[in-house]
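Both of the next two complexes hold chain A, though its partner changes from chain B to chain C.
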Partner chain A sequence: MSASAVQTAPTAARPVRPDGPRRRRNLAFERVNPMVYVVAWLLVGLCIAPVAYIVLGGLRTNSQITADPSGLPTTWEFGNYVEVLTSSLFWQQFGNSLVIGLATTLGVVVLGVMASFVLARYEFSGRAAMYSLFAAGLMFPMTVAITPLYIMIRGLGLMNSVPGIVLPQIAFALPTTIIILVPFLRAIPKELEEAAAIDGASRLGFFIRMVVPLSVPGVVTVGILAFVASWNSYMLPLFVLNDESSYTLPLGVQSFASQYSVDTARVLAFTSLSMIPALIFFSLFEKRIVGGLTGAVKG
Partner chain B sequence: MSESTSAGAVATAPPAPRPGSGPGRAGPPGRPGSGRTRSGRRPTTWRTRAEIGLLAGPAIVVFLAFVIVPVLMAAYYGFFSWKGFGAPSDVVGLGNYLAIWRDATFHDALRHNGVIVVMSLLLQGPAAIALALLLNRRIRGRSAIRVLIFVPYVISEVIVGTGWSLLLQTSGAVNDLLGKIGLEGWAVDWLSDPSIAIWSLMLIITWKYVGFAVILFLAGLQSIPEELHEAAAIDGASYWQIQRSITLPLLGPTIRIWAFLSIIGALQLFDLVYIVWGQYVAATAGTSTMATYMVVNGRNAGNHGFGNAVAVVLFLISLVIALTYQRFVLRRDTEGALTERKK
Partner chain C sequence: MATVTYDNATRIYPGSTRPSVDSLNLEVADGEFLVLVGPSGCGKSTSLRMLAGLEDVNSGRILIGDRDVTDIQPKDRDIAMVFQNYALYPHMSVADNMGFALKIAGKPKTEIRQRVEEAAKILDLEQYLDRKPKALSGGQRQRVAMGRAIVRQPQVFLMDEPLSNLDAKLRVQTRTQIASLQRRLGVTTVYVTHDQTEALTMGDRIAVLKDGLLQQVGTPREMYDTPANIFVAGFIGSPAMNIGEFHVENGAAKLGPASIPLSRETIAGLSDADNGKINLGFRPESLDVSTEGTEGAFPVEVNLVEELGSDAFVYGQLAGGDEVAQNISSGAGQAQVIVRVDPRRVPDKGSRLWVKIRPGEQHHFAAASGLRLPS
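Showing the complex of A and B:
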């Protein structure tokens, strides 16, 4: 089992014998009851409708929205989107979110891979305790720690600053990262390590030259999860950022929505534009995320 | 997905160190039984320890500083009446905790949390299992369907909250749509009627988080060997028989881990309530949670000592439930998953 196989994670199965009752497969698609398609697309509709309402609402005028709240755009008004896209406020908050998201992702990945490597491939007496320490973090999302965390960040003078958001986010993303990466790094065959040792590589050398490249698929999974979590994060920015110029997009959306509550169409345009990056990232890597989690959820 | 990867897992935590390999001796690399100790080029002890410190140190420091220390600080501040400026000096002992204990608003919040925990499991669990089974079949357009179903999970709570509050307001799109299809009678005050608001919240929560459960279940389904399905199909089992007798039992560990994460998430729910109902309305609309209670009565009211005491209560309730769940539910399939005390 090479680590790179994790990313491919084939869900698709080999074709089954055609004699299974009512089940017939060819290599491409199963032949299923047409109701399955009806149900599937109905559920998709339920999932997408509210999002479509937000995106399409941004293409309407306020009077259209008031007159017919659940209607479709009759004329396509791009003015709302143009206004948002040309406002410096949106781009400033977009930039803040991007910087914080990338810094968080980088920190989580670097610290997470290093710690997971130790947990996966070193034998030492504190290892069980160390694993438990991080795993226990799963039990406590940021909600529990936010009040003292806020006091601490204020005490450190990190209010309204990038590190004030990034450092706690790294810390709170580490448990998930480590839980996902440890089985992943463990799956790297020990023969590779032995071969590297015979060629004169130290374990650190093995880590840098073999483990880091081989762990890229797992790193992509945790990286995307960390970035999306940071992009969407609300509670920590709510406590730490109180100056509008340091706002990230979620805070920006909220303050925009209350400032321009009468201008529903523009609020909807602002809202739709703020969700695009996370959506793109996730859509591109959806398969890898499901594949990368496989090792972590099932014994 | 081959078995050797899936053997890792939350479910099977790394084996605890063997008694022989204390810090004083360089253990074999990675796995017991590796031939490398015999090669005689194991680095010296101090070197191994330096490597461990160098690699794991930064993560441990950051984790301790920003996760563990704040929780301990909360325990300390919780004993003070403190406005958040200067050092806390006004010791009130258990006063904050008594106030929480006696506060009917807190009881309401606690009850709402209880409803949210139970209803999240009952609504999302079956829906997510059905969806995962559906999406695990190789139907046309599967990739597109998958991505679209995950959309609610990927967009932020703020967007979800903003969108749904517009949809559900009295003159919003949902009531308008109900009117259009002749169900005017169903049009109600979704957000502020106390007997309905909690169900609106459950609707939003289910819509938002069912995708997360589906992702986990799909990952779990991938590690069930296809041969089992084939064998059952050859024996004449129907699709539903196969799912009930093979897939569901084998998906058990994943379902139990999801349930754990769902319970913890529901106990600490904050974002959606605070965004949709704001800081003042949640309590009267009957959707307040312990976390919104904590923020409203702690930070927003400037009573940091009290806020920290609520944080401690929230922490203890979550801890007790988490440990109980682990002890009685997770134990059989994930012994040591989160605490690693087995083997």
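Showing the complex of A and C:
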């Protein structure tokens, strides 16, 4: 993508040398301005430094941290990580996060694909309004709705339970999902639907046999986005969950940090372990996320 | 195998007052290859899609065999369709694409495999059966689309400009392949194209449409020899027929200095509305090079000579009077005439060429209605 932007760089204004403009342009391509690297690495550093600090901090002892807060570990101390990894509470909370994340992802994907299919490919009155309604959902962060949401969840008797987290999360993830998936499904050629109709597939058959397999790249994107959002979600669990054994990891980190506030190294180890899964997940699927955002189905 | 009948079939798109297809009456015989041809927006694709069940029929009926399919779902019509962009299922292999309809119909796997392999053999696709469509060339994709239709062994094949995404050479090749395949399978076929050459070369019969109205149906020979009106005359044939409006004087059409004699029947066919004028058409290949002074010969100013090896075409203007020159049109545009000449003896640019219409190869149309007059 960036290559096409670079190609538009002006070459006409430059004096054309005897060996031709082509060579000249190649040189321009090869020699990248060093400032680009400086800025790029600066930004990378800004993003990575806090993470690196947390991860490396977990590998030091408290005395090392007190003596030199920003130094590298002098002796590698794995005890903090081992302790966290052997504690049942960490795994309990890890499991809670995983269950909630997977349930949210599943709900978002299933409902999102179905709703997007209808919005993308059915003609009915009020379709545009319905699409706008979903789009409008983007404007309301959970923060705004948290108090009524809390009352509602309590009224439904879902306090301190997995559905109490999963259902609102699905609802809040649907606008993004639908906005990504609707254009994606709209791009499936109409002829494909007609060919399937002539071949004997019903509308539902077309959905199951064509739309679902063809929308996999888009579904992967929204699935990952939903999972990572759920994994990192803090506020909703904070309101809904009130028992340490049902906490998700972000809450666990918080309570662990207040519990062991003096043991900085251990807190750092706990924190890095809780954020690493989401980080790995994101880096692994980074290509597919972008693919799902840009890729349309080719006929 | 079955016949196809359009009985006053009409389609009006929502929000439009003018019908896209206006009371189409057409019968396609069992095993016949019928080509629907016309300029874009003439309703040919709509007619085909009505037969496929992809468009509603607002009034009239469509029958396949003796069965009224007007309100039947596409899947129950026992038809197969080849789309312009092929509409192959991108996530399925070639074999799955071809066998999809049978799979939906719940046929046993061995039968599907066998029928797919038979079709692949006919179309020379055997080594591609496990590939995905995107790993195929345009021509191969086209064949897969054909294969998907063949595998179903339907009553009717519908083809919507299946060759327009191929390059020129492949199009000519595939054209003959499709035509011979259709003859071999003997399945009734309705084929839509905007290319009159395709229509003439492939069809048993051709139906020409314009603005949703059927203009003429007939064999390629009939369409070429006796076009029913000016539109068909100008549409069928390449390069297109030269057609001009001329005054009738003393039983002859005045082409500048020349008089083209008209028969008694032709004159009798003229009405008051024609205002003493007649439309005269002659194909580029119906002209013989002649000399000045020959009866019925008229001069053409040569603007350009197009040499094709086997033929040469002279593009020029009718000489002798602006009015006469302006009132004629041909495949090259207004005020132009095209003459086919011997490629070994081409006239020079700017010279004056005397040509004469070969007897019996002129076409007459009424000036007012544009309909064919007896000759």
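The working rule: the second predicted complex is superposed on the first by the 261 of 299 C-alpha atoms of A that agree within 3 Å, B and C clash if a C-alpha of one lies under 4 Å from a C-alpha of the other, contacts with A are read in each partner's own complex, and residues count from 1 in each chain.
In this section, contacts are C-beta pairs under 8 Å (C-beta built on N, C-alpha and C of every residue); 3 or more make two chains touch, one makes a residue touch a chain.
The shown structure was predicted, so the numbers you read here are calculated from the model rather than taken from an experiment.
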Which superposed partner A:S283 touches (first chain B, second chain C, both, neither): first
After lining up the shared chain so the two structures overlap, which partner does A:A197 touch, if you call chain B first and chain C second: first, second, both or neither? both
Which chain makes contact with more of the residues of chain A, chain B or else chain C? B
So, does A:G95 touch the first partner chain B, the second partner chain C, both, or neither? neither
In the superposed arrangement, does A:A115 touch chain B (first), chain C (second), both or neither? first
Could you list which residues of chain A make contact with chain B in one structure and with chain C in the other? 194, 197-198, 202, 297-299
Across the complex, what residues on chain A touch chain C? 189, 191-192, 194-202, 205, 210, 213-214, 297-299
Under the stated contact criterion, what part of chain C meets chain A in this complex? 52-54, 73-75, 79-81, 83-91, 100-101, 104-105, 134, 148, 152
